[in-house]
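Shown next, in structure tokens, is the structure this report addresses.
Chain IDs A, B, C and D follow the sequence of writing; residue 1 opens each chain.
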Amino acid sequence: MDYSSFLQMHEEFSLLGVMIILLLYDIFASEKYLKYFQPIAIVLFLVHIVLNCVPRETFQVSGGMYEYLPIHSYIKTFLNIGTLIVFLQAHKFLNEDANRIKRGEFYFLTLSTLLGMYFMISAGNFLVFYLGLETASVPMAALVAFDKYNNKAAEAGAKYILLAVFASSISLFGISLIYGSTGTLYFNDLPALITGTPLQILAFVFFAVGLFFKISLVPFHLWAADVYEGAQTNITSYLSVISKGSAVFVLFTLLVKVFASLITEWQPILWILAVLSITIANLFAIRQKNLKRFLAFSSISQAGYILLAIISGSAIGMSSLVYYVLVYIFSNLAAFGVISVIEERTGKINIQDYDGLYQTNPNLSFVMMLSLFSLAGIPPFAGFFSKFFVFSAAASQGFYVLVFIALLNTIISLYYYLLIIKAMFLNKSDHPIEPIKSDFFARVSFAVCTLAIIAIGFISPIYDQIHLISFGM
Amino acid sequence: MNFLSLYILILVLMMMGLFLSKSRKQIQIIMITGASFLLLLSGALTYLYLTERAAGNTAEMLFRADSVWYTPFNIHYSVGVDGISVAMLMLSSIIVFTGVLVSWKIDPMPKEFFLWFCLLAIGVFGFFISIDLFTMFMYYEVALIPMYLLIGVWGTGKKEYSAMKLTLMLMGGSALLLVGILGIYFTTGGSTMNILELSKLKVPLEMQRYFFPLTFMGFGVLGALFPFHTWSPDGHSSAPTAVSMLHAGVLMKLGGYGCFRVAMFLMPEAAHEMAWIFLILTGISVVYGAFGAIHQTDLKYINAYSSVSHCGLVLFALLMMNQTATTGAILQMVSHGLITALFFALIGMIYGRTHTRDIRLMGGLMKVIPFLGVSYVIAGMASLGLPGLSGFVAEMTVFVGSFQYADTFHRILTIGACASIVITTVYILRVVGKVIFGPMQDKHHETLTDAVMYERIPVIVLTAAIFGIGMFPGWISSMIGDSVLPLISQFIR
Amino acid sequence: MGDILTNFFTGTVPIEAYLGLSLIMFFCGVYGFLTRKNMLMILISVELMLNAADINFAVFNRYLYPGQLEGFYFSLFTIAIAACETAVAIAIIINIYRNLKSVEVDNLNQMKE
Amino acid sequence: MQYTLLILALPLLSFAVLGLVDAKWKPKVAGTIGTTILGIITILSYFAAWQYFTQYKVDGVYQKVIAFDYEWLRFNDLLHINLGILLDPISVMMMIVITTVSFMVNLYSLGYMKGEKGFQRYYAFLSLFAFSMLGLVMATNIFQMYIFWELVGVSSYLLIGFYYTRPAAVAAAKKAFIVTRFADLFFLIGILLLSYFTKTFDFGILTSSNANVFAEATSKTFMGFSMLSWAMALIFIGGAGKSAMFPLHIWLPDAMEGPTPVSALIHAATMVVAGVFLVARLFPVYVVFTPEVLHGIAYVGAFTALFSAIIACVQTDIKRVLAFSTISQIGFMMVGLGVSGYGGHEGVGYMSSMFHLFTHAFFKSLLFLGAGSVIHAVHSNEMKDMGGLRKYMPITNWTFLIACLAIAGIPPFSGFFSKDEILSASYSFSPAMGGIMTFIAGLTAFYMFRLYYNIFWGKEFKPATQSENYHGHGNTPHESPFSMSSALVFLGAVTCVAGLIPFGHFITSDGVPYDIHINLTVASVSIIVALVGIIIATYLYRKENEIPEKLAKTFDGFYKAASHRFYIDEVYLFSTKKIIFNNIARPIAWFDRHVIDGTMNGIASSTQWVAVKIKGFQSGQIQQYAYVFLLGTLLVAALVIFLI
């Protein structure tokens, strides 16, 4: 066996390298140098991103346990960028006295979940996939419960870990049934063996709900709002964007690669789940007072929209999905960034606290507005393009009714996004949030997000590149 | 760079300038300069267009520019104009120009107001120069969203409710529309988004039956198609003056224009088949809107219902699907755009003085503010279709065109639509009689001052345009009529 | 009846028995998860579910695909992962105990709607 | 004859200039400009008339001359609106009438409107009216006519509502505009219908009596009448609206709220006869292809004439008396047209109708201007405020008397000749019609002299009872200033001699000159009837006495009904206010707000409602979450396994 092939897993090794360096630095650096920890971490991570952003040729490692496709470079880079933004936004949070000691953990845990996602994405075997899934979710539970003196965080952590394990055990049971009915766990061998027997369908459903859980589709979404609310805001943003982004990508690859022959089964499933997710999440989102819960439901409905790309099962679907994830990363992180900045400084998290925000904090309101418009799919912001492509993907396969329902739901979603805009711009308040000066890192993240939200849609090469590569999927 | 793109470029530059501007003075200078450039550009465009046509260029669209944007979806940035778009661009730039002047002293936050205003204008201009389905749709939506903030922040009355209702209903329209657009794109084989090329392909008839109503209603919501018009009264009455002007004057025309350019042009068979349903709906719009206006007491509500009626007439005429009626429809768009903008501008100015829009609380304003009073009467006369003013030209073209059908159904509808002009007379005269004429109702109104310079200019510009079209309709009518012909031939084939 | 008894004591155990066992274990786990109020018990229930899957892997490998080792390896990894999960879960449960002085799952409803 | 364009252009120019400068120029300047321009075009039109009647007669037939033509708006290859100038006998005749009366009114108004606020505006509107009315009569096609038709409507609106601060004036203006516009709707539909079948708007083609043009229109029928009949009937309704035929007459009496010279110009001499002119313009179509419509017109005219003559007998507002008298006289003209045939002696009705239009314009405007002069003096419209004024205002008295004699049909004043021809045409149509018309002629004489005596004779003038309608400065009445009385004198002179014009030489139904022969039987009967009317009036009203009141008491119900104008206004008010406003507009407004808007709001609130109802799902309990999770899994599995 040629072990040198392992060295081709650049992304994973490079990330592992970053993790180990940071870990060692955190352990051994003296107090004097520790204050450079975060800049160093960010720079290192940036280097990691830059090194791994160029797609390479397809290759397999370890007899197909790990399979690299060019599109993986993109999705991983996008996740990296998202993570970087989360790091930038978390800077202030991690510099607080209570948390300074734990920042090494934060980075390590975050990066290990990211590593798990890498493996999930590039898995060529259910074993690697499952390991990746668990690597991505177990440290996440620790992250959710990061603030250990906070009841809510603990409760959120418990909810997350228990339900995650519950879901993963069902998923595992599904995998075992797949193994039983086919005798292999390699993605490349499975399509020929999956013939659509009831057992396989059952196995597929059991397996898939594990991913549905991670993507938080209705009715597997109930954890999401509570966990999002309980976790620290930066972690919530990481959870809602990066974790979800990787999961949808993986769901797509699995569905078209492994379960392609079950397309007549999974399309109706996704159809129903998409409708349920979008509609029910929207209905819940309408009445939320807490912004984080609000964004939780909004992200559930966004996940429903992503299903429209998946359901097409085509190359267009793949590229629009990746593109959607990219845009979603920027839009959602911008929103979470604003929320976290405000929460850090004032502890205010409810929508009515945002009354008259524009008067005191025009820039934050502006970023928030852009991100909300982008999430709502309003041109000329990037969200419009991504939504359009997703709808096109679904329509290209004739899912007009689904597109129609989804579009009707955009009205509801626009309504609740406008509620926040209304609070910020229209409402008057006697006690508005006082002017806030955000730190440098956060401002960089806002600048990046704003720029991306405005520009991505117009820079068509981004999409074209993704599309070019997703054809080679 | 195609010079049609200058429309967008100028507005983007204006937005950048606004970002950097510091004082109200700078904002005003930026806005008026930019708006004047737009007006000049439209004038130049009209001139160039006419000379080009006179030189014998018979291409369906002139000044074409086309560059690929998104290859996978065949999305191009594709612009071009024909007589219809030229007319609409002219209208838009007049209304943007006057809108800027009307909001000369807008308060608070002039910078933000004009930023949104410019974004709205980008949507409007972009829509009219686009010939690519995607960019059309994009610009369409660009135009919708600034409305929320413009109404919500700078509006009056129950502005939040109205803004929300307007935005959501129009968004609902665009939801229908998007399904239609995707349907058109994919059922023709997903090879092009260019409407000119799409028109040569064929949407299968059984699919047209789904997508035509969707697309038509999608645009129809913006065109105040009964029963999706209820955003209009609330929205228009709550919006700040310039926004009402732009919205009723131009944005509602996007609806009619889209119905024609996209829904009917690309799916003519279904249009033929289903025209009767929408003819009934639009016929109802026309009469219903007019009757609705009779009962109102708020000036803006009256005008909003009147817009429902007049915009109904636009769609009504489009659905008649012959050259004369369609030309009339486009003329009606232009004419109604100008008239309603003038109305809203005047109502805004009157409201700014009397602080009420309730016609029962006003009276005899002619005595104290003769300029506004006379202009209001002119607007009213134009609205009720007085010859010599633009409304007459448009309405008569519509009626003559609509009457070119021999069957009872079309004829009865046309007669019904004609009847609306009487009802229009009733409500217009009711307002004029109560507000402008008659005895003074409120002692405080005796000290009102007449319009000042920056208020007079927009009124004069709009009035001049109304008179211009009303007295010399030949050139614009033939410009539109010639451009309508190739589109209409789609229906006849 | 006799055959079954004979087989039970002397013959090979049929695959159905193992699968039955794993199914029962799995649903016991599910039932426990849904009904127990103590979080530790819930954790144990989840372990049951995981182990049911492990049994499946081992049994399928042994009975259906005897030439391979995939199933066994999968079981091993799963056991390890289950351990990790349990560790993290227990850490969190301890945290909860520290905060709430209770590990009753009913108390975890601060956040809802 | 391109210079006739000036006749149109100058008043428009005058309107534009006066309208734009408004109050910036002194009233005197504005008045002078307006009057001068009217004077110029009067001269021009006289010259044009002279030129036309002397030069454009080919083979003994007056030609239609298109002096100017310009394609204004093209609808399609066949239909296009042209703006042009058509000169033919009736348009030239109308041109003379309009310019002359306009000029007189302009002149008169210099004195009458002196000191009014908005004097400049008044002159601007007068110019606008002159422009529109001239455009109407010179129209080359029916759509141009419609355009100017609307324009005269709006000038009338603006002039009636000249005293815009008075609610009554505003209401009257509104009423006039709406009623005529309502009628115009039918006119428009008629035009659409006509043009759809004939593919033309052009009068030249329409009046060519070419059966091919109307072949399609006559062959198609709807509810038993040919499409052409429908179209022509609808067009007549338009004319009936403008000409205040029953039941669309209700606006005209109210229109008297406008300044009196305006009433003289628009609501007596020119605009109100537009309907007659319209029928005359399309006469060849009516008479050849749709005689049944023409007969209908005759009946409508006769009824209107009778109806309004009766009302005129009991009105007390002098301008209203004149208004109803106008309606009645227009009824005469309509009857003249309605009973007419085509060509030669058959067409005497047409000729007489035009003749009556011509003479009526002068004596009726004279009456109005005289009434204006009286009102100017006593500041009241009511008869009870007048009496014995002959001593104070001799010129007004004499000119008024001349006009009264003219309208009563006493030779040699102009009214006699024209009315007499109408009567003889009516007799040849049917004796009953002739009888009725003669009776109405008698009624006319009666109510005119009732009016005359009440103003100038009767009880002596008592200045104390004046109401302060216009100025509030009033002493003893005195003769009007020169500008006013000169107009009266001029019109009086015209009234005396106009009847002697050999009208048949100029205007006949087919353009071929025709000699008028006075039918002596008819003439003597009509003179006798008129004299009887005058004598009764003299008996009743010359001196103040009890008889009129007694008579009123005797016929109490009828008297009341007549003085309430037979409650037609109330019927209208009921149908507009109660039925349309309350039962259509109000329900629609309600429907819109509550049903349609309510549906939209309902969708929103039901969404909210559902959102509240489902909040229980998110209970916060892990186990419930897991339960839903499991249920979801099993349901999905069941779904795909069993259903798909």
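The rule we apply is simple: a residue touches a chain if its C-beta (ideal position, glycine included) is under 8 Å from a C-beta of that chain, and two chains touch if they have at least 3 such contacts.
None of the values given here were measured: they were computed from a predicted structure.
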| item | value |
| --- | --- |
| Each chain counted as touching subunit A and subunit D at once | B, C |
| Pair sharing more residue contacts (C-beta pairs) when A-C is set against A-B | A-C |
| Rounded Å distance, subunit B centre to subunit C centre (Cα mean) | 67 |
| For subunit A paired with subunit C, centre-to-centre distance based on mean C-alpha positions, whole Å | 29 |
| Rounded Å distance, subunit A centre to subunit B centre (Cα mean) | 42 |
| Interchain centroid distance [CA atoms averaged], subunit B/subunit D, Å | 37 |
| In subunit D, residues with contacts to at least two other chains | 604, 615, 618, 620, 622, 626, 630 |
| Per-residue multi-chain contacts in subunit B, two or more chains | 168 |
| For subunit C, residues contacting two or more additional chains | 33, 42, 108, 110-113 |
| Full enumeration of touching chain pairs | A-B, A-C, A-D, B-D, C-D |
| Touching residues on subunit B, where the partner in the complex is subunit D | 165, 168-169, 227, 229-230, 233-234, 288, 291-292, 294-296, 323-324, 327, 364, 366-367, 370, 381, 384-388, 392-393, 396-397, 399-401, 403-404, 406, 414-415, 418-419, 421-422, 425-426, 429-430, 433, 436-440, 473-474, 477-478, 481 |
| Touching residues (chain side subunit D, partner subunit A) in the complex | 604, 607-608, 610-612, 614-615, 617-618, 620, 622, 624-626, 628-633, 636-637, 639-641, 644 |
| Touch list for subunit A against partner subunit D, complex | 158-159, 162-163, 166-167, 170, 198, 201-202, 205-206, 209, 213, 219-220, 222-223, 225-226, 264-266, 268-269, 272-273, 280, 283-284, 286-287, 412, 415 |
| Residue numbers on subunit C that touch subunit A, as the complex places them | 26, 29, 33, 39, 42-43, 46, 49-50, 52-54, 56-57, 59-61, 64-65, 68, 70-71, 73-74, 77-78, 81, 84-85, 88-89, 91-93, 95-96, 98-100, 108, 110-113 |
| Residues of subunit D that touch subunit C when the two form their complex | 615, 618-623, 626-627, 630 |
